[in-house]
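In the two assemblies presented below, subunit A is common to both, partnered first by subunit B and then by subunit C.
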Partner chain A sequence: MEMGPNMNTHDMWMHADMNRERLLKEIMAVDFTIVELNLYLDTHPGDRNALMLYNSNVQRSRMLRQRYESMYGPLNALMSTSSYPWQWIEGPWPWEKEAL
Partner chain B sequence: MTCNPIYNRCMMQFYNPAPILNARLAHAYVPFQYIHDVNCIYPPMKGLQQGTIFPELDRPYGADPEYTIDA
Partner chain C sequence: MWVYEKKLQYPVKIKTCNPKMAKYIISQYGGPDGELAASLRYLSQRFSMPTNEAKAILNDIGTEELAHLEIIGSMVYQLTKGVSAEQMELAGLGAYYTDHDHAVYPLSASGTPFTAAYIQSKGDPIADLHEDLAAEQKARATYENLINLADDPDVIEPLRFLRAREIVHFQRFGEALRLVQDKLEEKKHFVKKPDFMQ
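Then we have the complex of A and B:
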């Protein structure tokens, strides 16, 4: 894909969509790490290093979610605020996306 | 050396150094997991890909012939 001033609208849209997908996947990966450490800490509540790693991943997830929602809208219908009009019904839904 | 996981420092955590003493017959024992080095934990993207963030638990089906039927 050609970047810069000669980029056409479709390519720019594709580029934005790729960044959106990349950010979403990063959030999924960080959240998976959080679940793993959650399970570990349930049986190892006194592991200080694991707890520090857990806390830093939770902070990173919050930061990434905030960044995603400010650019692309709500990640969650219940716990996200929305600008007007109600953004949750905006596409694309997962089944409406082209394979990347 | 790097291709054999046994020589990998992080993979060594798979081997529990403490033997189970006075093991009783007909009891099952599971070694207690412990993170010896937090730096061994996979970064998030690698963890998502492997299905675990713990290298000592990263044993894809088929990698160990002892636990493989048809791979």
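Then we have the complex of A and C:
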């Protein structure tokens, strides 16, 4: 798509959507790494390297989430704040094709 | 408690509807070796586990299975979205459509509604962990059957992801079983103060 001052409104929305999807996929990947390390650590609680990897992925997830939520709304209704009006109900919901 | 995350654990974006494939995949939603049974099995068994490792692994895998339930539900939803009653019937979903329209309902590929009889919670950690090891292998085999039936990469990719998770869970349950066995075999030391110290 064409970028810059000649970009029309539709393309701008498309661009914002692609950025949202890219960032969401990045969060999904980091969070999957966290789940995998969580399970491994449950049966290997003394593995220092795995624990360091776990902690650094949790920090990266926090940073990415903050960026995502400031632009596209909450990922979680317990840890995230919302702008007005209540953003949680906004789609697409995860099971809808449009989410990714 | 649980907190909902507004994202899937693995992306599902199916461009072409396929109600026939939905009829098979729904077995991993509400069938005998499905994700709902898996989650309930582990989350129920965790209460009677004797070690912290076993409590944690059942708690955390039971939680991950809920994310897998959502992936399967999303696949069924997208595979049948906007499909006509006639196409549903041609795909063998005429009876399903009669009772559930396009809703997602937990049943097996052969139409049996979900039942708690698919799971056990025995109170004996050795028996329960062996059941869990078998459950992961049965789920892996089911995913392989589904992959053999599928021809759309949009469908195959999430199925491959879920199959791989069964193998990881099997590995973790094996480790938990060994830790539980070690604990149960530990010699017990009873310490009694000598009489002269009392």
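Methods note: the second predicted complex is superposed on the first by the 92 of 100 C-alpha atoms of A that agree within 3 Å, B and C clash if a C-alpha of one lies under 4 Å from a C-alpha of the other, contacts with A are read in each partner's own complex, and residues count from 1 in each chain.
Definition applied: a residue touches a chain if its C-beta (ideal position, glycine included) is under 8 Å from a C-beta of that chain, and two chains touch if they have at least 3 such contacts.
Because the structure is a prediction, the values reported are computed rather than measured.
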item	value
First (subunit B), second (subunit C), both or neither touched by A:L64	neither
Which superposed partner A:E36 touches (first subunit B, second subunit C, both, neither)	both
Which superposed partner A:N76 touches (first subunit B, second subunit C, both, neither)	second
Subunit B versus subunit C as contact partner of A:L53, first or second or both or neither	first
Touching partner for A:E26 - first (subunit B), second (subunit C), both, neither	first
Touch count on subunit A, higher of subunit B and subunit C	C
Touched partner set for A:P45, first subunit B, second subunit C, both or neither	second
Intersection of subunit A interface sets (partners subunit B, subunit C)	25, 28, 32, 36, 40, 43-44
Partner subunit A, residues of subunit C touching it in the complex	3-15, 53, 56-57, 60-61, 64, 70, 73-74, 77-78, 81, 168-169, 172, 175-176, 179
Subunit A-touching residues of subunit B, taken from the complex the two chains share	33-35, 38, 41, 44-45, 47-48, 52-54
Of subunit A, residues touching subunit C in the complex	24-25, 27-28, 31-32, 35-36, 38-40, 42-45, 74-79, 88, 93-95, 97, 99-100
For the subunit A and subunit B complex, residues of the former touching the latter	25-26, 28-30, 32-33, 36-37, 40, 43-44, 47, 49-50, 52-53, 57
